[in-house]
Every structure is written in C-alpha cells, then in structure tokens.
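The following blocks contain the structures, represented as structure tokens.
In what comes next, chain A is part of two complexes: it sits with chain B in the first one and with chain C in the second one.
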Partner chain A sequence: MVKTAGRKFLELLLSIFFLSVIIFYIARLTPGDPLISYYGERVEKMSPEERERAEERLGLNSSVSNQYLRWLADAFHGEFGISYKYKMDVTEVIGERIGNTFILGGIGFLFIFGGSLLLGILCAWYEDRLPDHMICKMGTAVSCIPEFWLSLILILIFAVNLRWLPSSGAYTIGIKRSAADRILHLILPMTVVVAGHLWYYAYMIRNLILEEVRTDYVLLAKAKGLKKRRIMFRHCLRNTFPSYLSIMAVSVPHILGGTYIVETVFSYPGLGTLIYESARYKDYNLLMFLSLMSGALVILCNMAAQVLNERIDPRIKSENMGKAPEGIGL
Partner chain B sequence: MTNNFELVGIKPTPRKETVQKEKWYKGKPVFSGVLLALIAAGCLLGGLLMTEDSAALNLQNCGLPPNGEFLFGTDTMGRDIFSMIWLGGRVSLFIGISSTIISTITAIVFGALSGSAPVWADTILMRLTEILFSVPEPLLVIFIQAVLGEANVFSLSFVIGVTGWMSMAKIIRTEVRQLRGSEYVIASKCMGGGFFHILKKHLAPNFISSIMFMAVMNIRNGIMVEATLSFMGIGLPVEVISWGSMLSLSEKALLSNAWWMIVIPGAFLVATLMCITSLGNDLRKSMNRGQGYF
Partner chain C sequence: MSELLEVKNLSVSFSTSSGEVQAVRNVSFSLKAGEVLAVVGESGCGKSVLCKSIMKLLPSNAKIKQGSITVNGADITAYRERDMCRLRGKLFSMVFQDPMTALNPTMTVGAQIAEAVRVREPGISKTGLRDRVMQLMDLVGIDSPGERMEQYPYHFSGGMRQRSVMAIALAGNPRILFADEPTTALDVTIQAQILDLFRDIQKKLGTATVFVTHDFGVVAGVADRVAVMYAGKIVEIGTAEEIFYDARHPYTWGLMKSLPAFSKGQDTLYTIPGMPPTLVNPPKGDVFACRNEYALEIDYQEEPPMFRVTDTHYAATWLLDERAPKVVSPVGGIKV
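Coming up: the complex of A and B.
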C-alpha cells in the first residue's frame, strides 16, 4: 500500500517536472515581447542599452536552459517570481483570484456532482419512458450549444433586455461588497457552468446504472421478490458508485476548463481570465505557475480515476484511464 | 372429370398477406440529415452564387436590424449577415472536417504504435501524451500558430486536429493490445508484413467501426472549438469569415443590443452541431443492448 502510494507520488512529481519543462520552453520560444507587459508602451521608446538592462533585471538575458534552471532552483525555495504585469509576487496575484474561481468552479462541481446522480437515477428508473427520453434529448441538445454562446444568450436576455442580473464581474463597483450582490453576479455564470456539464454526466450515470440492471444478481434479487426500489438503491447504486466517483474525478479538469471560458465571457476576475492574459502577453512567471497548477490538477485527477478503476477491477491495471468528452479544456 | 391426383386433407393456405414493407428511413434521423444537407448545400452553392462584395464593408449600413434588403441584418462593420452565414459556414464545416481527418490519422498511427509497442514504451508514450495534454490549450494554440505563422483556416484546422486525438488514440490502443496477439497478426508478421501493412490490412478493419462514432463527434468538436477560439480572439481574425469569428463581434453587439448578430450565427452553428450529433448517435445505435430485467 505504502509502496504503491510512494510510486504514484513519484510518478506525479515526474509528470509535473516534465510538464514544467515543456511549458517553459513553449512559452519562451513563442515570439512576443515580455517587456511590454512589464513596461507597457514605454518599451518602444527604449534605447538598446536600456532594453538590455531591463532584460537583465528580469533575468531574460541568458539562454532558455539557464533561465529554466534558475527558475527551478527558485521554485524549490518556494519563490515563483513576480508577475510582470501586476508587479507583485505570483502567488499573491493568484491568491486574490483563486477564491473566485473556486467559488464558481467548486460550487458548480457540487451541483453537477449531485444533480447528475439524481437525474441519472431518474432516467434509469423510467428507462425508455417519457422522463428518460426528455432528459436524454435535453442532454443531447445542450451538449451541442457552445458554452460561450449560451453565456451570450443569457446575457442578452437577462442582463441587456430584462436588466435583472449583472452581465460581468464579481461585484458591483462602487457599492459596499455584500453577499447578495455576490450571489446576483454568480447566477448567470453558474447557470452556464452547471447546464453545460450536468446533462452529459447524467447520461453517463444513467448508462452505468442500466448496465448494472442487466446483471444476473439483479435477476436473482427480483426472483427473490425484492422491491424495485430496494434493488436499485441497495444493490445497483452501491455497485455503480466507484465508477461514478472515477467519472467525477475525470470531470474535474473539464469542468475547470469550462469555468475558464465562462470566466472570460463574463469578465469574472478568476484564474481563467488570468491564464488567458498571461499566455497572450508573455507574463512568464504567472503563466508557469498557473499552467503548472492546472496541469497538476489534471494529472492528479486522472491518477485518482485510474486508482479507483484499478480498485474496482484489477484487470484493467493501466488499461484505460476513464473517459471524458473532448472539450476545449483550457 | 375429376382429378385423380387431387390431394385431400391439405388445408388451403390463405394467400400471404402482403407485409407492410419497413420504410428504409424508419428510425433514422431524416430530419437532421435533410437539414444538414440543406445547410451544407447552402454553404457550397450560396457561396458561389453570392457576390463577394455583399460581405464586404459598407459603413453606411452599420448594425441594421433584419429588414427587406438585409434579411438577417448587418453587423457593426456593415457587412450583410445573410451572405456571411453562407460564406462562414463553408469555413466552419471545412475546419470541422479537415481537423477530424488530421486527428483521426494521428490517433490511428499513434494508437496502433502505442498498442503494439512493448509495455514500457507504451507506458512512456501514454504518460507523455497525458503530460502534453495538460498544457493549457490557449498556450498550445498560440504557440502552434506562432510557429505556423498568421492564423488562417489551415493552421487552425491543424491546431484543432493535433489537440484533439487523445481519446480516440486511447480506444485504438486498447483494441490493438487485444488484437496484437492473434494468429493472423503474428502470421502476417512472420511473412514479413511491415507495421503499416498490418495496420491497414489486419488492425484497422477491426477497430474502424468503434471509432466511426468518435470521428463524427470530432467533426462536431472541431467546429465548436473553432467557434470558441475565434470568439476569444485567438482563432480566425475578424476578416476571415466563419461562424465563430462572426460571434467575436458580439461584445459590441451586446452594447447596442443587436441580438441578430449573436442569435443568427449561433443558431446556425447550434443547428449544424445538433444535426451532426444525431447522425453520430444513429451510427452508435448499431450496438444494441439487451432487455433489462426490470
């Protein structure tokens, strides 16, 4: 047990290390001027000497490999450098925003987690009858609507025309921050995050349960005269639960990716807007930290799903890692 | 004269009732098929019939709502949305299909390679791709576009293609792992069949049916990713008309409450995606499940 855990941990560290190398090189080799995000417009008026000094100050003058080694050494001391744009420690910049993303993505995930289970059970209960058909049709339809367009339509209806809800940001600027204001700003983005994923996972859970219903022990239980409700909740659900958990583990990065897109549409001050900005404007240190964070989360979740799957069925050892929809996982 | 050989005791068989012949389209997504064909035809022919300048800038007609002259209105740059829909549809559909071709070929080659490699190499290959795919997508997209030069239809299809083959490759890999020990593969190998020969003649026919559905879904994804990237401003520029880049003007549209600029291209996009999905689901239905015990 300890040995497996140790090996997994090593694997995780190694993956994150490779990931950091790849991101570092990709970011540095992409053309673009990181000085612009630090000095703004002034860069164009700089003399070559000034430029050189500026680059030296930010540690951009040595070769990429040297820069990487320096970054790695600092990272081991817990220093991830400063953000060029915000002129603050990277961890501070992220600390300000991460709460917002956590609220949107985390609460959204909980809604999806619970809602998809409920809907899945409902569908399996009424298999091939009206509620099942309706929920499945709804799921297919919603899965075809890009998240950004759904956001736009909601903004158009509820913010521009009805003026019920705010269209962007996390707070109203100028008023004292209050919980009610906060919730008002959350309603639209949260709706998109939840609606975008809920149906798909409900459908997966429906299929899981329906597969379980077709096993022999259900026939036996039925023959013994057990009630449908008892078979469903005491036997079938219990057996599908591990697979359900592993699906949910794989879903975390996808929901996070969806959250990032929703954030950019609603200009919600979270990590999504930040990661997009930093990739665009070569804010290297910030970009590194953010990419590593979401990369580590992806790898961690995949690993969790794999471990869960192996627990359920030792035959699949390192076979498949769970399936999730291809999306634009940011 | 009576017939001596008349048989007795045979029940006169009633004439067989003509069985109502099942219509070939029973249970098929006819509506989706027809709608998709109409949209595709409109994009192909409409693009040829329409003059280019109907989609050109015309600053006198900025942001007009739908009316007699401009059926779907005009956008903030004064372009006619009706002709842009058909022009843009061509680009969107092309990107969907070409990115799927790229991702399917990559997935087949990679999945077969990884599936037929020894276990350690397989593990390394799978781990590496997993790491590569946890690089944030905007970064990857910006990087590849920087390498390929200015974003255009081809570079965008390439980007979407090379970022979208992972899950298909996993399925192929699993199938190949099961097949590679079979007698006919070994026999072919003994007779000197190369990797691509075995892949083409022995492996591909076995897994092609299980990835058909995924390929159709990849077309859908390609169109959706193109729209999202263009909307966020890292895909096609505004001058290259596609359904996604038309939506990238939506921020201005929201300010002036120009609903037609958001609703119309989006509706075409969503309708196309829905048609493709229902065609894909029909493909998958061939794998039927048994009856439940409830």
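Coming up: the complex of A and C.
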C-alpha cells in the first residue's frame, strides 16, 4: 500500500515537472511583450536601455533554458515569483481569488452531481417513454448552446431587461458583504455552469444504468420476483455507482475548466479570469502557477477516481490484492 | 388432476428492424403439478422465448399475439408487470442458461438468495433468513454454506454458480420451475452433476418443471413428458416413453439419430441437413419440409395439423394421415 502510494506520488511529481517544462517554453515562445503587463502604457515610450534594465529586473534577459532553471530552483524553495500585473507574490494573488472559484465550481459540481444522477435515473426508469425522450431532447438542445452565448442571453434577460439579478462580479461594490448579495451574484454564473454540464452526465448515467438493466442478472432478479424499484436501486444503480463516481472525479477539472469561461463572461473574480488575463498579457509567473495547479488537479482527480473505484468495487479490490481465489470446483 | 399450467394457441412475435419475428407460433401444452416436461429442439426454435413469455420476462419489443396462459386456474395472459411481480418467485421461477452472467457480480451470493427468500416471506427474522439461506444452499449442494454465503459470485465456479442460481429459483418455493438450458453452458462432467441435482430436487420438492434443452440425451433422465419444438411450433408431444420408443415426427427421428449413440461404429455422426429457418417469413406448408427426407407433396402446400397417436401423444406430420405411405421409423426405439 505504502509502496504504491509512493509510486503514485513520484508519478505525480514527474508529470508536473514535464508539464512545467512544456508550459514554460510555450508561454515564452508565443509572441507578446511581458513588460506591458508590468509597466503598462509606459513600455511604448521606453528607450532600448530602459527596456534592457527592465528585462533584467524581471529576469527576462537570459536564455529561456536559463530562465527555466532559475524558476525551477526558486520553485523548489517555494518561491513562485511575483505577478507582473499585480506586483504581488503569485500565491497571494491566487489566494485572494481561489475561494470564489471554489464556491462557483464546488457548489456547481454538487448540483451537477446530484442533478445528473436524478435526471439519469428518471430517464432510465422511463426508458423510451415520454419523460426520457423529453429530458434527452432538452439535454441535446441545451448542450449545443455555447456557454458564453447562454451567459450573454441570461444577462440580457435577467440583468438588463428584468433587472432582477446583477450581471457581473461577486459582490455589489460599496455594499457590506452579505450572504444574500453573494447568492444573487452566483445565480446566473451557476446556472450556466450547471446547465452546460448537467445533461452530459445525466445521459451518461442513463446509459450506464440501462447497460445494467440489459444484463442477465437483472433477468434473474426479475424472475425471483423483485420489484422494479428494488432491481433499479439495489442492483443496477449500485453497480453503476463505481463507474459514476470515477467519471465524476475525472469531471472535476472539466467542470472547473467550464467555470473559467463563465467567470470571464461574468467578470467573476475567480481563477478563470486570472488565468485568461495571465495568458493574454504574458504574466509568466502567474500563468505557470495556475497551469501547474490545474494540471495537478487533473492528475489528482484521476488518481482519486481510480482509488474510489478500487475501494467500492469488490471485483477490482480482490484483483489488486491478488486474493481472488480460483473458483473452487464442485 | 387439474392442470397447473395450461398454454393454449400461444403466439409470440418480436418486432425487429427486419420485420416481425414469429418466435412462438400457435403453441399449446399443459403441465400437471409435480410433472417434468422437457422441451427439445435446435437453437432458435423458440424454446427459451416460450418460457420467458409465460413468465413475461421478454424485452418490450416482444408481444403475445394470440392465445392464453392459465396458471393455477387464473388466466394471466393480460397480466401487467405489477401483477406478474406477485407471481414470480412464488408461483414460478426460472433457472437461466449462463450461470456466469446470471448473478449480480457485486453482491454476495448469500444476499442474492436472501432477497429471493424475502420475496416470499417479507417478515422473516434475521436469523430465520440466514437459516433459510443456509438450508437452500445445502439443498443445492453447496458445501460450507455459512462461509460461502459471504462470498461473491467471482469466488464461485460455473457449476457452483448454477447451484446458486437454483437456490435463488427455489427460494420462494415455486410450484413451477422453468429451467432454460441449465446445463448448456457448463462442461460435461458438471452437466451430469447439475442434472442429478435437478432430479434430486425434483424428487424432494416435487416442483413441476419445464426443462428446456437441445440435447435429447439430457431429456431421457429427467422428463415425464417431452415436447419437441421446431421453428416456434410444437411438432410432437407425448410421454417420455412414447417419444423415445414410438416417435412419429421425422424431426424427432432426426434429433434422435443425431445422438452419438446412434452412430456407433460409423465414421461420421448423423446430422439433420440444413438449419432451422428464420422466423421472419416462415415458408408455406410444413416449415420442416425442406429438411425432411420423408417430405410429401402436401408438406409444401399445407401445414399439418396435430394428429392424435394416443391420448397423450400427438405429432404434426402428414405421415400420420391415413392416405400417407407407411414409413418405418429409422430409430425404432432407444432404451431409456
């Protein structure tokens, strides 16, 4: 157990190392001027000497490989550099905003998790009947709407025309921070996040369950006189749950990635806007840290999915422990 | 004695993309309490569909086209899922062909048997339930049931799984047991053991059984009566003796001649030429005619009715018509 955990950790470190190399080089090889994000408009009026000095100050004057080695050495000491735009340590910049993203993404994830389970079960229960058809059709239609467009339409209806909900931000500026204000600001972005992902996972659960419904053991369960509800929940749903949990674990970064776009449209002060800005304005240190964080999240979620699966499914569990006895003959 | 199960003129069709498949066509038979009826025929003759349609376990694209099913005096032809739920497990139950897939892989075998017991006795106490599960596992010959009930199906071999499936099927003390090729997926030595088990249980509990098989050799040991099915129809039905010693239908002869025992001393085993037809558009006349070496002119024109041989023995072949030429059975009789 300790051995596999150690190996997993090593794999994680190695993946993140490769990821950091790739992002570092790609970020620096794309055209753009990182000085703009630090000095703003002033850059255009700088003399070549001033530019050189500025680049030296930010450590941008040596070769990319040298820069990377310096970054790596600092990173090992927990120093990830400053954000050019915010002129603060990147961890501080992120620390201010990560909570907002977790609220949007985390609560959104819970809604998606519960909602898709509910819809999926409903569809499977009424397979090929009206509720199933309606939910599936609606899901297909809504999934085809791009998130940014849906966001804009919702803003147009609820913020501009009806004036019920705020169109952007996480708080009303100038008002004391309150939970109610917070929730009002969350409604629209949350709706877009949930609506964008809900159907896909609901459909997945529907099909997972129906796959189980078609198996022989369901026929035997029916033949022994079990009611549909019991077969559905005790047998089919239970057997799809390991796969469902691992799918949802893998989906965490997917859903968080979805909130990035939504955050940008709603100017929601989370990591999404931050990562977008940092990539656009060459805020190298910030971009590095955010990308590595996302990467680590993807890898960790995949590992979590695997561990969950092993924990729940008795078949996988015994295979891994090497304990599955050969079928004992008659 | 009154009939426990009576099927009259039952026809079952599947609607598929290639058309309507008439899987069961105009089948009538009956089953008395405690009796074993073997249903024999090649693969794809509608044997399984017949059983599943009685228990209403067919997929939703299957429809009962005509006929009636009467169980224990009640006509269940029009019963819906909810009513069927009340009958399954208690009145009739089923053992399936493939024990490898018939058990839920993520539930312990004991729990799966217990579920079936609880269908019959919802209020049973925990210890009572455990005792009953152990008793059932003992009945079907699973050693050290206390230990094995905590295990998952993947701990069990094929034969053991089939025993578990039987324990599940018998848990509700059903009056009728449908055994859908219960030995086909097992290897030969295990087949014999499972067959013995069927016979034992049949003796102990006296459950009426419909035993589906494509192997005439299996039939001899278990059946009181035999129904031979071809292309969705029963072509011959009679007591085991009548079928084995005095078969009248050329298809029954063919099946018997295919038994390896008949080809002793010869280089090749006998086979019936050709294959059963697809049942989308069954040909006119006797469906078996084109594979039948004794086929008469009329076989291609008109379907033969069920001719009475004795009160218990009927066969659907024009050879039994008084105008037909006399043919001597090529199999005579085999020792049961």
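Here, the second predicted complex is superposed on the first by the 301 of 330 C-alpha atoms of A that agree within 3 Å, B and C clash if a C-alpha of one lies under 4 Å from a C-alpha of the other, contacts with A are read in each partner's own complex, and residues count from 1 in each chain.
In this text, a residue touches a chain if its C-beta (ideal position, glycine included) is under 8 Å from a C-beta of that chain, and two chains touch if they have at least 3 such contacts.
Being a predicted model, the structure only gives us computed values, none of them experimental.
Colleague: Report for A:Lys228: first if it touches chain B alone, second if chain C alone, otherwise both or neither.
Modeller: A:Lys228 sits against chain B and chain C alike.
Colleague: A:Arg238 in the overlay: touching chain B, chain C, both, or neither? Say first, second, both or neither.
Modeller: In the superposition, A:Arg238 contacts chain C only.
Colleague: For A:Thr140, select first, second, both or neither according to whether it touches chain B, chain C, the two together, or no partner.
Modeller: Only chain B is touched by A:Thr140; chain C is not.
Colleague: According to the stated criteria, A:Asn161 is in contact with first (chain B), second (chain C), both, or neither; which is it?
Modeller: first
Colleague: Just chain B (first), just chain C (second), both, or neither: which does A:Leu219 touch?
Modeller: Touch status of A:Leu219: both partners.
Colleague: Return the residues of chain A at which the contacts from chain B and from chain C coincide.
Modeller: 219, 222, 228, 318, 324, 327-330
Colleague: Under the touch definition given earlier, write down the residues of chain A that touch chain C in their complex.
Modeller: Interface residues on chain A, with respect to chain C: 128, 215-217, 219-228, 230, 234-235, 238-239, 313-315, 318, 324-325, 327-330.
Colleague: Could you list, by residue number, the parts of chain C that touch chain A in their complex?
Modeller: For this pair, the touching residues of chain C are 55, 57, 60, 81, 85-90, 93-94, 96, 98, 101-107, 115-116, 119-120, 152, 154-160, 165, 168-169, 171-172, 190, 193.
Colleague: If we count contacts the way the header does, which residues on chain B are in touch with chain A in the complex?
Modeller: 123, 127-128, 130-140, 142-143, 146, 164, 166-167, 170, 174, 177, 217-218, 220-221, 224-225, 227-229, 231-232, 234, 247, 250, 254, 257, 259, 262-263, 266, 269-270, 273-274, 277-278, 281, 289-290, 292-294
Colleague: In the complex of these two chains, what residues of chain A are touching chain B?
Modeller: 11, 15, 18-19, 22-23, 26-27, 29-32, 127, 140-141, 143-149, 152-153, 155-156, 160-161, 167, 210, 213-214, 218-219, 222, 228, 253, 257, 261, 264, 275-276, 279-280, 287, 290-291, 294-296, 298-299, 302, 318-321, 323-324, 326-330
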